[in-house]
Amino acid sequence: MSEVYKLIHPVKHFNDYISIKTRLDGRNFDEHRNIKLNVNSIKTADASAVVKCGNTTVVCGIKLELAVPKAEEPDLGFLITNVELPALCSSKYRPGPPSDYAQVINNIVSEIIKNSKCIDLKDLCIVPDKLAWVVYCDMVCIDHDGSLVDACIIALIASFKTLLLPSVNYDTETEEIKVETNERINLKIHGLPVATSFAVYEHFQSQIILLTDPTNYEEEMCGGNGSNLIISYNKGLLCGIQKLGGGSLSTENNEEAIRLAEQHTIAVEKVINACLEGKGTNK
Amino acid sequence: MRDTCLSNCEKNFIQKIVSQGHRLDGRNFNETRKLDISFGSEYGCCIVSLGETKILSEVTCEVAQPKQIRPNEGIIFINVELNPMAAPQFEANRQTDLTVYLVRLLEKCYKDSKCIDLESLCIVVEEKVWSLRINIKVLNHDGNLTECASIATLASIAHFRRPDFTRDGDRVIIHTLTEKDPIPTVLYHYPVCTTFALYSNDILLTDPNFLEESVCTSNTEEGINTAGGLLVLGMNQYREVCLLDLTGAAIYTSNIVHKALLSAADKCKKYVEIIKNAVAKDDNLRQKREKINFSDIITTEHMLALSRKDLNIQLKHYDVTELDEKDEEMFSDEDDIKPEPSKYDVVATVPNTAELKSKEGKSEWIEVSSDSGED
Amino acid sequence: MPLDFRRFNGPEDSVSYKIYTKDYLKTYDEQLKDLYDENGKRKDGRELNEARSMCMFCMFARTDMVSQAKGSAYVELRKTKVVCSVFDPREIPHQNEFRQLGQLYCEVKFAPFSCPRKRRPYVPDVEEKALSVALRQALEPAVCRHFFPNYQIDVLIYILEHDGSCLAAAINAAGLALANAAVPMFDIITSCSVAVIGNKMFIDPTEIEEHIAKNSTEVNHGIITMSVLSQLKQISDFTQIGSMDVECVTKVMEVLLKECEIIVPNIQRVLVVDVVKNFELKKHLEAETKKREEILKKKMDEWRSLLNGQ
Amino acid sequence: MAGLLLSSTEKVFIVHGVQEDFRSDGRSNIDYRPMELETDVVSHASGSARLRLANTDILVGIKTEIDTPKPDKPDMGKIEFLVDGSANATPEFEGRGGENLASSISNTMQRAYHSSQAFDLKQLCIVEGKQCWKLYVDILILECGGNWFDAVSLATKAALFNTRIPLVKALLMDGGNVDLQLSDDPYDFKFLDVGSAPLLVTLCKIGEKCVVDPSAEEESCSVISLIVGITGNSKSYCADKGASNITDVDIKCSTISMNGPGSLAPKTLKNAIHQGM
Amino acid sequence: MVTDMKDVQDFKLKPMKCEFNFLSKSDGSAILSQGDTVSLVSVNGPLDIKMTSQRIDKSTLEVLFSNKNGKPSVENRYKENIVKQTCEAAILGSLYPRTGINVTIQELEDYGGFLACTLNCTCLALLNSGVSMRNVFAAVSCAVDNQGNVILDPTHAQLQTSTATMTFVFDSRDKSLITCFTDGCFSQDAYREALERSRSASDLVFAFYRDIIRKYCNVIG
């Protein structure tokens, strides 16, 4: 019965839920879904993490390569982040090159990482002008059920935290390279950026409702172009606020969003740290 | 590309007034529209408008590997883009016959005529050369794209300057524009294309607009082309022909080509002078450290233009340090009020895994059906 | 190669650091010796003829992996990890004429970080295309295609980690996902592969074993993957690479047939769990609906009595 | 299979004929159609061959280029197969349809040539780890009358046999650079050893019997065909692939019983194939 | 919060210059310069689009952004998305079902605050094209310099030393925030301050809109 109602009167159905202050999966407006995080499960990658935020599943794998640094920036390494939305993660996508939406997500994620300055590209340089690390981070979405950016950032940061760089010997005379995989050092990570997504729903014209950690269906109901508001924090500083589409925000909404994001950030930080500590004790 | 419709009335009307010696916009047969060249703030960037036809041209350069058969020559790459901005019938990011045609004509005119000194673009033989990319973007398509595009190309090449470099042993250092003055490109001669619309095989219309172009290349109701076509001639300032291209009907007599050539030679020479003057004038201004920018094309005299210089607003001036303190206080207050217990538990279950779960089993299944809305 | 404008690209000439490590320069013989110890045990402790699917803990399979898909499955053969999702039948795009049989569109994609040797490119390469074709061939005989003429079903495979036998894993996953999506099928499809190096047979090989088998110089070497419709006793796909004599092939075939049989109960178990789960969910939902209706009814009765009372 | 329309009676006729070991063109089940093979037909290519097997017409050209070998196989050359079906050959090739078929042919060929037993890539090496030959095998399908795989492999083998590789002297310069010197004499070249280059044999299952060298009509009657790659020395055979394809009805697949004849046939057929060459 | 009015300061936006109908073939077009930054936008529509992208309930908005060198990139898609989502909130798309509206943007000069300039220019071009709109919108950019001060509508030189930039787009009716995007790291306070300042400064942009429309009405009226 409910399914039919949802299909025939999607907007009314959704409004009914909102008016009794509940969401379709039983959450409150400001409640986020359960997060499950697992690191280093993929051995072929140099570092990896699997994140499940509710149904949304993202796998992040890091591959290391070596290259000559750019002539303009001889002391910087490379950090290449890409978000893949393969056709299997949702019926919205078709096989082939990345859709416009995938590119937008890709850009948002890479901007957040860049702005948070959590990785100093200088740390990735081995010998200036000669050799530098290229860190390829591929975030693959296996199941797309909303709040993709949050999941991507968690997966990416968790795998950064576990990334170990092998030691490299570069002989300047012979230009010979030797890599020692047994000696590895941690990559320095400055802070722990976390993103929080909201859907902004305009309920009966004037009332603006913020839905924390929206599902795919909720995102669809609020404009259909992913989450409307993404707030990212790193070390107590904001490192990116994106507001696109959905309802318009008043000052109060804005304050509320920032407050919620702060809370969420603390919770997520706890998860990541717990996960990494667990790893430490188990080894 | 969506089709543009041309009504029979329009067709017949244009045909008729041309045969009577008139043009729709009141010009003479050999009169061109107003030419205007404006340069952007960067070298090699210009907007050329020929009447309402507007084209943006930009030359950029990068270091590339030379082709194996020509190890000491630079590379020129011409790209033409027609997007919905030019006219609604064009689709974005799709090559059409028109773009291919334009690229080919421009390549013939500027690459095949060898007007650019390619050897001067060489940095290290067989390893590094400059690769110039000429990007032509049609902003508004009101006929005679070829002529406008060719003027834009020539103007931007003449205006373009590439960074200087010095060789230090094996290494090549490329200097920024502020370190060393950039170098202009060497041009042996200045070829320009001109277009004539051919009507009933004896009338030549200089600089046809969009309507005139479409009428002369379209078919009549009977499906026969009425001896109309487009004749493109490329010539340099020495009255040498670099390019000749005819689309549409066959020409009965060669006289008409002679006639066109004579008229084209004068026109091209005039164009080349205008371009040279424009570049020289721009160079002069730049040497006087005057800012040149595309914002100059917005003429304030235009009826639909508006300019506001004094956009002032009075705002409270925040003293940042003061504010910070206050906020900190506020925050500490807040912390006292609500050390809200986290609703979530962090569980480290399996090795390498952590989980965040909401404490209470909140996920009660609540369903709303259509009846409940009426409660 | 033209630059991909839809992604962020790294420098063109970057290489994996692994080519500078010591292990990379190992000769073939050294690599071969590394494969198994004196007792004939393989590196991960298995016997030669022991498939990873034999031990219950290693073969891990589940359905309903992807919430957005109609049906999905996840198969893990120790390190090889494969996700598959199946979508609702849809009209075949750019198709004019009538097709009596439904089409299967199969796509196998490796994650960029899935292979130990090199980074996978984003655009489908030759291997991925070949795997997609092999997968389609294996699945076509298993699906009742005559039930959905002029439509196509998308079967999409994503390989998260590749440690050998990925085609076999992909076929197993696809079979599960199709069943999970309630696509009518003739039979349960299972698949297994064997690597042959000289006179040794490695059942369910790992990536390194496959690699050596492919490049071996022995008389008999190669990899055979076979998929079987168990009840019908039909082979739906048989792919071999390398070089081996006829006796060897027939021997391998028998081994594979046996292995495929062994997987069947595992698959059945997963499917039964799936059905039971769905059944329980449905019962649960029905119970809730009933409860709600009762409450509603009570309320209505209350109102009615109130109305009548007035 | 839009190109070929057969009525069900025609199909029954073919199936019954095959059952009786008698095919519509008078052959028995293990006979090949007449074939015509011509080598060195394209003067610009390093090697070339044209094969006409009844209606199937295939042209193979081989181009050689110098390339750097793969880092993990420093002493081996490279070989690449490119298949191009002209739209004249069959309506199937129009648009994207040809791509699938072409890639499946080139895949099968690549697979068949993969083993060092089949084709020794070491003979293409010039300087280990630095320079090697890369062979581009361009396969052009001009007309198709069934049985491409056999025809393509046969033509390829002939073209490789005919391929002339120029003799190159390699001088190792200091700093690891290689200087190649090409001999001035244009007749200074070597031939490749293609003795063991694989041939593919397609076995088409029609009814209960297997048939070699199926014509286009016969192909449309079968739902499954088995492609067997055979290397030159009779005992090892390579690249074997069950291709379940083509039209209607319930697909019968190569079961174990069917593979028996499948693996027997190559032996008996080997002589016939070589006669064909 | 802080209510002492004693230090009231003058804040300046960069001079704005605009021309309507710059392109003759488009249904609406505008070229706008804010300081040295120049952007050109053309609007076509509502027009016929291919079946697959038609929507039954509203018009489909297609935004094409091309930067100066003409090469497509992921960043361009992101910018397109910003403009698209902002316009979608403003255009009354439900009036034109099964049609498409094309917005084409050409970068001419970028000396800071380019996206803000583009968004304003897009709004003007939409006004010029006569597409029905719910409200107009104004974009204002801000920068935070290395001392933590907020600078309104920064110039190219100011951007070089800034640690963060923010761009806000406001609704004309109740000045609520439609779109916002940021670059760099900044504190919450800086964000709040920048937001409030930009909100006030958006008045100037709306005033500019009104002036040009008044002039435009005189011409066409």
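Things to note:
Note that the chains are named A, B, C, D and E in the order they appear, and that numbering of residues resets to 1 at the start of each chain.
The rule is simple: contacts are C-beta pairs under 8 Å (C-beta built on N, C-alpha and C of every residue); 3 or more make two chains touch, one makes a residue touch a chain.
Given the structure is predicted, the values throughout are model-derived calculations rather than measurements.
Chains that touch both chain A and chain D are the following: C.
The interface with the greater count of contacting C-beta pairs, when A-C is set against C-D, is A-C. Using CA-based centroids throughout, the chain positioned farthest away from chain A is D. With centres computed from CA atoms alone, A is the chain lying nearest the middle of all the protein shown. Chain E has its Cα centroid 28 Å from the Cα centroid of chain A.
Look at where the CA atoms of chain B average out and do the same for chain D: the two points lie 50 Å apart. Chain B has its Cα centroid 37 Å from the Cα centroid of chain A.
Those residues of chain A in touch with two or more other chains are numbered 1, 103, 106.
For chain B, residues touching at least two other chains, in rising order: 365, 367.
For chain E, residues touching at least two other chains, in rising order: 72, 74, 77. Considering their complex, residues 1-2, 5, 7-27, 31, 33, 36, 38, 40, 42, 44-45, 47-48, 62, 64, 66, 68-70, 72, 102, 104, 106, 108-109, 111, 147-150, 152, 189, 193, 197, 200-201, 203-204, 208, 211-212, 215-216, 219 of chain E touch chain B. Interface residues of chain E facing chain C in the complex, by the touch rule stated above, are 71-74, 77. The residues of chain A lying in touch with chain C in their complex are 1, 42-46, 48, 55, 57, 59, 61-68, 70, 78, 80-82, 84, 86-92, 95, 97-98, 102-103, 106, 110, 134, 136, 138, 140, 142-145, 166, 168, 177-181, 216. Of all residues in chain C, those touching chain D in their complex are 19, 24, 97, 100-101, 117, 126, 129-130, 133, 137, 140-141, 214-215, 217, 219-222, 229, 233-246, 249-250, 253-254, 257.
By the touch criterion given at the top, residues 2, 71-73, 100, 103-104, 107, 110-111, 114-118, 226, 231, 235-245, 248, 251-256, 259, 263-264, 266-267 of chain D touch chain C in their complex.
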